[in-house]
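One chain, subunit A, links the two complexes that follow: it is found with subunit B in the first and with subunit C in the second.
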Partner chain A sequence: MIRRVLYIAHNTFREAVRDRVLYNLVIFALLMIGAAILFGQISVGIERIVIINLGLSAMSIFGALIAMFIGIGLVSKEIEKRTLYTLLAHPVRRWEFIAGKFAGLAGTLAVNACLMGMGVYAALWYVAHRLTSGDVSLLGAMYCIVLQLVIITAVALLFSSFASPVMAAVYTFALFVIGSFDQDLHAFAGLAHGATRWLAMAAAYAVPNFASLNFISSAAHGIGAGPKLLALNSAYAAVYCVTALAGATAVFERRNLK
Partner chain B sequence: MSAAIEIAGLSKQYSVGFWRKRPRIALQPLHMEVQRGEVFGYLGHNGAGKTTTLKLLMGLIFPTAGSARVLNLDIGDPAMKERIGFLPEQPYFYDYLTAPELLTYFAQLSGINAGNRERRVRTALIRVGLRGIDRLQLRKFSKGMLQRVGLAQAILHDPEVVILDEPMSGLDPIGRREVRDLIQSLKDDGKTILFSTHILSDAESLCDRVAVLQKGRLRVVGRVSELTASVQGRMEVTWRDAPAEALGGLAVENRAGGDCIRSVVLEAELDAALQALRRARGRLISVTPIRRSLEQYFLEQGDTETNLGRDNEPRLQFQTSETPPFDTERIAELAK
Partner chain C sequence: MSRVHRGRVGIACRVAIVLGLAGVIVFSRAAASAAPHSDAENVLIVSSPRVIHRLCLGYSGLIADLYWTRAVQYFGRTHAERGTGYRLLAPILTIATELDPKLTIAYEYGAVFLAQKPPEGAGEPESAVALIRRGIEQNPGNWRLYYTLGFIYGMELKDYGSAAEAFAQGAQIPGAHPWMRVLSASMAEHGGDPETAHYMWTQMYQSATEDMLRNNAEQHLRSAEAQVDLSRLQHMIAAYRAETGHPPASLAALVRPGYLYRLPKDPTGQYYRIDAHGRATVQHPGDFPFLEIDEKTDPVLAMARKP
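Right, the complex of A and B next:
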């Protein structure tokens, strides 16, 4: 059972690699090299902050775009191209397919983020000619970016299980934007009254709280996320992903593959 | 021993339309059995419900009513799929993989242990006639090659039941013959084969029994020879070096193309037509039986139960047999 999930995940990873998804690393590398050379020359004392902000933001944006646009195609492309027919003709349960696809893309994003993270550290080393113990705090911020990407993947899978690819992309992007301002939504709910308050509160809890997973600024200033916070964020991401995937599976289990 | 495939009242209905949903019946309640070790043809025109039935059996779509069992297992039971192989119509695969990679992937999913995988993959590829393509990605495969890959993945795990949806589709005459040979060899291995087709000659040359489906309804089940026993066929006679009127009133239809003339005559009048051609000193090129599809036959019988819509008027469609089972010696003798 778990083996089949892993086989599907491996194939999804292989598909991403062969479809040249990891080519985004070339653009990222060029960005980092350019930034390191440029800011190494014109910034005095803040080049480290600039590199970290730029590097982690690029990691987040590149990853989110991959998670969204590949995530929405994970199911719909298989149905559209009818590759799913032969897959499901083998002893594969539909939930295994969903879980495998999710795990494959999550793995791709994690590898992508790891390589980008190495790029950020390389750029830091280039501008400062050394790495400090404070730079370890970057790892926590990078880990939280991966958690964000994994949640986006699960959400994209959920939407793609019932909506057309275009609408799934729109929904996922909208949720990503709203989730990035989730703390503002919470603040608005605190100020509102009556039904609006409850609606805003419900929405604030329902959308993924990407704002709480964003440690880019604090990492740039050498402030890392503590182990407890990382553990809580991991648990939050796990619960959100499992819920979204359960929803996707529930829809997909009943779907006729015409 | 129970039948390999037991279908009890399986039906499928879709809702169509955006605002006002209307029911569209894809398959009316179907009762059918396929015996173990049998080659069973599932015949019907496009849209008759063949693919719907096979998708229901494979769990790709869900029945509106009824049930089915394959090898005594419910079609919803994943264990069933370990014992059956399936080729979908016009299969499409992950085009970034090579054929051995794809088959290895399916072998993993089918639970074939690592020690046997490579051997099974090699055997399956050889069996469908694919050699020397190890490094070629599937995106570079022709339609016929993809069909062969589809067949290979269907037999990869040595299933007891093989379900093939239009297995000859997209294949050239040699490929079609190879698929027929493959189906025959699977039968010799004791497998049960259910395959859909709209070409009678394929079914006739392979099947122990056939079922004919028409507009989602099962019309008949039986042996091809029994079902076509009363069908008066027609023959196409092609000749040269004689005028088009050589056959006189025997020709139902005459067509000239190049130096040759092709005439369609009734099967019962073939002898007379060949004698007329000999008298006219014509040179016989070929005699080919023209077979009607079984569905056409049933339409022509004027079956009152047939429920055809306005857009489904009976169409006169003839299938030309690809490999005519004809007595060539008799033709030569008559043509002298």
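Right, the complex of A and C next:
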């Protein structure tokens, strides 16, 4: 079972690399080099901060775009190319296919984020000629970005299991935006009364809370997320992904592929 | 299709791309120069920090950096144009610091340039105090913010009591520089003395980590030194005039009767001179942007006012 999932994941990773997904690293590298040189000349005292803010924001934005646009095509592309039929003719369960696809893209995003993280540290070294103990806090922020990307991948898979690729992209992007406002949704629910309060609260918990996974600004000032917070965020991301993938599997299981 | 034909098409495409890019640059520049002057750079399209915070989608740190860079550029451009209106400086700094409340450099440097008199600053010391107090609220463990607050109270608002209090509060923070206590005591006892001002600007010059602030402190120091020299020269000119009944034609005239041992030079190495009103001045006033003349206590002006 695990072997089959890993096999599909490995192939998904290879396919993503073949699709030149990692080419975004070139743009990222150019951004880092440009920022390291430019901000020293046009701004005052924020070379290090801007490298961290720009590097982590780019990691998050590029990763989110890859998760959305590759994630929505994970299922539909296999159906379109009819490779899914060949695969399902083997002793592969549908949930294994979904889990494998998810793990493959999550792995691609993690590798991408790791390489970008190394780029951020290299740019920091270039700007400050040294790394400080405070720079360790970046690892926590990067880890939380990967958690965000993993959630987006799961959500994209869920939407792609029942919607067309274009609509799945729209839904995923909308959820990404709403998830960034999740703390406002909770605040709104706190102010409302009666049924509105319960509806708002349900919506606030249903959308992914991306705001609580964002430590970019604090990491830029050397303030890291503690181990307890990282553990809780990991648990949150794991539960959210399992729920979204269960939903995707439930829809995919009922889907008539004939 | 033959290989020769494909090769020709390839070359033609590359030439078209290069020419196209060059054309885009040429026409873009021509259109920009032909268009009516736009004041877009001096406009804040969205002025509410809260709205901008919402629009950032969690990337507020990066947008704060861009706003801080915009503040630096705006200040630099307006200063280079010898402009006196820095009306956008305070709102841009507010947005930058609301988006990233830990961006201490924006409080520290922004407040100094907000407080200074035009054209060297926005001439808004009250806004500067409000900005730096917000910075202290958000970063209570940063003693340098108390230092900047005391500095603005002492040097710009001449409120030596508040300045002494700010320095004293900052001195209590772990890691604060020992001269914070010295500054607090100096402000409390000798707030308005030129020596105190000189000491403060010296500390600012030595502790500044950025060229922009160091250059500013250097200009202040230079101006303060020239001011002390000019004050002494005005007294000599007044004494010469009282003795001879006429003003000296040049500073050399003060050497012969023994008022001066030799012709004095300003901190840039230029000789001082006497202007058309008979007052001592510097050769290049542009090198001393913070030079202030106290018309009430100037002895030359006092003599000129006498009937």
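Everything that follows uses one rule, which is that the second predicted complex is superposed on the first by the 253 of 258 C-alpha atoms of A that agree within 3 Å, B and C clash if a C-alpha of one lies under 4 Å from a C-alpha of the other, contacts with A are read in each partner's own complex, and residues count from 1 in each chain.
We adopt the following convention: contacts are C-beta pairs under 8 Å (C-beta built on N, C-alpha and C of every residue); 3 or more make two chains touch, one makes a residue touch a chain.
Just so it is clear, the model here is predicted, and its values are computed rather than measured.
In the three-chain model built by superposing on subunit A, subunit B and subunit C fit together without any clash. Once the two complexes are overlaid on the shared chain, A:I46 sits against subunit C while remaining clear of subunit B. Shared-chain residue A:V177: touches subunit C; no touch with subunit B.
Using the contact criterion defined above for the overlaid structures, shared-chain residue A:I151 touches neither subunit B nor subunit C, since it reaches no partner. In the superposed model, A:L54 lies in contact with subunit C only, and not with subunit B. Legend: residue contacts after superposition of the two complexes on their common chain; A:A211 is shown touching subunit C, with no touch to subunit B. Contact with subunit B, but none with subunit C, is seen for A:V92 once the two complexes are overlaid on the shared chain. Look at A:M32: by the touch rule set out above, it reaches neither subunit B nor subunit C. Once both structures are overlaid on their shared chain A, subunit B and subunit C have a minimum Cα-Cα separation of 20 Å.
With the contact threshold set out at the top, not one residue of subunit A is in contact with subunit B in one structure and with subunit C in the other. Those residues of subunit C that touch subunit A in the shared complex are 54, 57-62, 64-65, 68-69, 72-73, 100, 102-103, 105, 109, 209-210, 212. Residues of subunit B touching subunit A in their complex: 14, 55, 58-62, 78-79, 81-82, 84-86, 88, 90-94, 96-97, 105-106, 108-111, 150, 153-154, 157. The touching residues of subunit A, counted against subunit C in their complex, run 39, 42-46, 49-50, 52-54, 57, 60-61, 177, 180-181, 184, 210-211, 214, 216-218, 220-221, 223.
Taken together, the subunit A residues at the contact with subunit B in this complex read 3-4, 7-8, 11, 14-15, 18-19, 81-83, 85-93, 254, 256-258.
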